[in-house]
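Both complexes below contain chain A, partnered by chain B and then by chain C.
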Partner chain A sequence: METVIELRSVQRSFVTEPDLADRIASMFGAKSSAGTLRAVDGVDLAIAEGEVVGLVGESGCGKSTLGRIVAGILPQDTGDVLFKGRPMVDKTRCKDGSGLGVQMIFQNPASALDPRQKIIDAITEAPIAHGLIKRSEARDFAIRALERVGMREDALDRYPHQFSGGQRQRVCIARALAVNPSVVVCDEAVASLDVSIQAQIINLFLDLKEELNLSYLFISHDISIVEHVSDRIAVMYLGQIVELAPTRELLENPQHPYTRALLAEVPSLDARLSEEHALTGELPSPLNPPAGCRFHTRCPIATETCRSDMPRLELLNGGHQVRCPVVQTKK
Partner chain B sequence: MKDSKLLTIKGLRVEFPTRDGALVAVNNVDLEIARGEVLGIVGESGSGKTVLGLSAMGLTDQPGRITAGQVLFDGEDVTSYSEAQWQGIRGNRMAMIFQDPTSSLNPVQRVGTQMIEALQSHSDISSDAARQIIREAMVRVGINSPDERLDAYPHQFSGGMRQRVVIAIALLNEPDLIIADEPTTALDVTIQAQILRDMRRLSRDTGTALIWVSHDLGVVAQIAHRVAVMYAGRIVEQGPTEKLLKKPSHPYTQGLIASMPANAPPGERLHSIPGGLPQLSNLPIGCSFAPRCPYVSAACDILPELIPTSSEHAVRCVSPLHGKA
Partner chain C sequence: MSTFWQRYKRNKSAVFGLAVIIIVIIMAATANFLYPFDPFRLAGKPLSGPGMNGFWLGSDSLGRDVAAGIVHGAKTSLLIGLIATLVAIFIGIVFGAFAGYYGGRLDDILMRITEIFQTIPSFIFAILLVAIMKPSIVSIVIAIAVVSWPGVARLVRGEFLALKNREFVQACHTLGMNDLRIMLREILPNCMSPIIVIGSLMVATAILIESGLAFLGLGDPNIMSWGFQIGAGRTMLRSAWWVCTFPGVAILITVLAINLVGEGLNDALNPRLRERN
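Coming up: the complex of A and B.
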């Protein structure tokens, strides 16, 4: 299978500017809270044609930033993002349509749609602007686009507020697909939906993938959803991928102590959570990440070297990559 | 005379007037909870679970109001309590934990000050004694080195820590009942697991009864002894957690469980309940779930009652499933 998206040591930082209160405080000798937040720190990832890669991690781990970089709506600082072998354009600057191949679907469909734009215009605005369809074809095009996501023609002339959350997300999907992308980045795309509606939208994602041979980067904090849709799963912690493996392999044979803890904490209907915490403490501040292995402050198997040396993401067998020297040496 | 049940809700109906007519958010709900019991209330958005929890604490949002039914707390009818009477028991004998800890705490007041206020508004206690109790409360919910944290402001805490502060405040006056409305929904799964464990232990140790409102069946399965499932303002099924989740009797409960991605083979289509929630101002005359139900029949045109199938379990369905798959 051909690779559609490839990330090579992608890095992205955000600099927090000191605000007025900070500046005044620092005049009196206080330590400034401003700093550099490395949201994505050296990520390598390739997504093949028709493949679904799931991305999981706690809030603040950088998964949304990574999704935005892949979608081309946030430029990386260093590293390369390649779409079908060519560098991804920065969509915020380059508006000639060369970046249409990757589209994004957001968590909250209510804020992703313009409240004063009719559904027909939301769907056809981009394809018309980029010359993919003629204005005279807009109506027929929009009807087909809506049918593809399980909605009817009567939605065309209505406004976003006239729909439920699930239907609005369907409109967002129709809009993203209107420019024939090959990759769709779904950032918590079903998190705001109720369980019964969530299942409908997940089914839609699966159907569309088959029908259009789409690739997804499927970002979610909910491991059971990611597990259901993904071919491979990447686990992120403080800006880095700590483990990446085919779904079944990752779930049945998790190697990184963080992945193990994360999987142990998912509440299920069948098993009661053990009385012992699988993971103590909270995500350290990304403004001031620990030296050495980022996870060593919470890790049950950390050694002296983990406190000083940053481990690399090493390939085990069967396409299983893990960033932990302790489990690597055990193998 | 004191009731053996801590909280009894009888025929509760909460309505919100709207332009399209009265919207019935809570519709003829009966519930009981005993001391030390953990009751899960499960439902999707708009099912009335939050309004039910708020109404049980005299916090029905304006312009909503209780139009029928009773809330009995420790044998006493609190439905017509005045605001002053509510102040006496709220935060004292019953406490509430909301989904978003940021909006539950005052952003411009130190955490310690807010906790002392919660104590002193219900008893004449010196600030020093209050501080001691607060320190213990913080440690109890897993906040170590409480002295440093008491002088901090809410924004200096992480989301998980903030929710722990809220839980610590709720526990301060050793309430008989805590109503927690989606208390872990905004938190990461690792923090959620920690809080679930803490609450499970606290309710066991202190004998506090707990009503845990959530849309997440997996979370409720972790903590509740009993579960009530709500749909469109009504309880459609209630029973012991394990039986209800393993052998659901109501088609809606069954549909919810089957919709969970964890319960389907990876990559396969998920079971989904077709359609969406009915409008609460315009409910079907019969069973509210009938338009989405795979087992619907002519008998569903008449609203079924919540009928006990055993001493512990009840279901609102004319042809309950009894665990058929």
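Coming up: the complex of A and C.
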């Protein structure tokens, strides 16, 4: 299978700039609140055509930032994001819509749609602006786009607030697919929906994937959803991928202590993993991550070297990658 | 639109204000019909009291009809108030939109410029500008616009700052829309409500500034205005009270009505305050 999107040691930091009051305070010896937050710290990831990669992790681990980098909303500081082998281009520059290969579905469909824009305009604005369709074809195009996500024509001239959450998310999907993307980043795309609607939307995602040969980067904090849709799962902790494996393999044979802890927290009738210790302590501040392995402060099996040396993501077998020297040596 | 009117209607004083403004607008629009002569014309006996010698609201020291002055002055006040506000809002939107959307250095530069204008006392600054440019209707509009845009700029900047990180704007980025399109088609329509509210209040302020300028003799000498009438009559306040009282009342009622309407618009357009009572 051909790789559609590839991340090579992508890094992204957020710098909190000191404001005037801060600078004056630090002149008098106060501790400055400014700092650098490494939201994404050296991520390598490749997604193949038609593949679904799940991305899980606690809130604040940088998974949304990574999704936004893939979608081209945020630029990366260093590293490369390659789309079909070529670096991403400035989307507004290519007039033929060729820069729109990656689209994004957001967590909250209510805020992802312009409240003052009719559905027809939301769907057709970008294709018209990029010359993919003519203005005169807009209505037919929008009808087809809505049909694809299971909505009817009468939605066209209504406003987002007239729909339920699930319908709005369908509109968002129709809008994203209107520019013929190859990759869709779903950032907690079902988290704000009712459980019964979640299932419908997830099935819609899977149907569309088959129909259009899409690839997804499916970001969620909910492993049970990710497991249902993903071919492979990546686990993220404090800006780094700590484990990456095919879904079955990851669930049945988790290696990294963080992954084990995450799986142990999933409520389950299966007692297999319940003896694992649940995570203790808070996520350390990403402004000031621990030295050595990022996870050693909460890790039940940490050794002395974990506190000083940053482990690398190593390949075990069967496409199973893990960032933990303890389990690597055990193998 | 109908729900907007439903919400607006709930505020009784705002409905009253709207009614008053409509009367003032009708008055201004029919000025040439009600008093089809020049309001500067010497129409009869000077200093006639209200109701005397055919003057409804009396005449001033040169025999000019006060009622004619008020009706023609309404035209001036509304026109200057409206145009100056539109110009100020335009400048404010341009400054605020670019500062809020792009942030960083551009934001710093634009906001420092805005602050320079904000620190100068606005009425003194307006007097200065009109005095430099020679009093005329154009220079008055420019002066009022120049002293009143910073508020709009700050408001628009704040709205743009808040809206540019909203998900529907990010979605536009992934859809490859350019910045100008996002600013005009996505963000600006979503911050129109506070702009309309601040704009309605600015019309009232603009009318006050214009009256103040005319009172000080810095009005356009060829155009009748309420401030000019008050200025002309102030020396005779004790002997001929009607000369400046009626234009003063006209200013008071108009400005009050506009403020009530602004308040009502705020209640009707601002979703966060909607359930206040």
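Please note the rule applied: the second predicted complex is superposed on the first by the 303 of 331 C-alpha atoms of A that agree within 3 Å, B and C clash if a C-alpha of one lies under 4 Å from a C-alpha of the other, contacts with A are read in each partner's own complex, and residues count from 1 in each chain.
In this section, a contact is a pair of C-beta atoms (placed from the backbone, for glycine too) under 8 Å apart; a residue touches a chain by one contact, two chains touch by 3 or more.
Given the structure is predicted, the values throughout are model-derived calculations rather than measurements.
Q: Per the contact definition in the header, classify A:His130: touching chain B only (first), chain C only (second), both, or neither.
A: second
Q: Please indicate which partner A:Phe141 is in contact with in the superposed arrangement: first for chain B, second for chain C, both, or neither.
A: In the superposition, A:Phe141 contacts neither chain B nor chain C.
Q: Once the structures are superposed on A, label A:Glu282 by its partner contacts, choosing first (chain B), second (chain C), both or neither.
A: It touches chain B, and chain C stays clear.
Q: Touching A:Leu113, do we find chain B (first), chain C (second), both, or neither?
A: A:Leu113 sits against chain C, while chain B stays out of touch.
Q: Touching A:Val179, do we find chain B (first), chain C (second), both, or neither?
A: second
Q: If we overlay the two complexes on their shared chain A, which of chain B and chain C does A:Ser59 touch? Say first, second, both or neither.
A: Only chain B; A:Ser59 stays clear of chain C.
Q: Taking the superposition on A as described, I'd like to know which of chain B and chain C A:Phe205 touches: first, second, both or neither.
A: Neither partner.
Q: Under the stated touch criterion, which partner chain does A:Phe83 make contact with: chain B (first), chain C (second), both, or neither?
A: Neither chain B nor chain C is touched by A:Phe83.
Q: Thinking of the overlay built on chain A, is A:Phe218 touched by chain B (first), by chain C (second), by both, or by neither?
A: Neither partner.
Q: So which one touches more of the residues on chain A, chain B or chain C?
A: B
Q: In their complex, what parts of chain A are in touch with chain C?
A: 68, 71-73, 91-92, 94, 97, 99-100, 102-104, 106-108, 111-117, 125-126, 129-130, 172, 175-176, 179
Q: Across the complex, what residues on chain B touch chain A?
A: 44-45, 158-161, 188-194, 196-197, 215-219, 221-222, 245, 255-257, 259-264, 266-267, 269-274, 276-277
Q: Would you pull the chain A residues touching chain B in the complex into a rising list?
A: Residues 58-59, 164, 166, 194-200, 202-203, 206-207, 221-225, 227-229, 247-248, 261-262, 264-269, 272-273, 275, 277-279, 282-283 of chain A touch chain B in their complex.
Q: Which stretch or stretches of chain C touch chain A in the complex?
A: Listed in rising order, the residues are 166-168, 170-179, 181, 185-186, 189-190.
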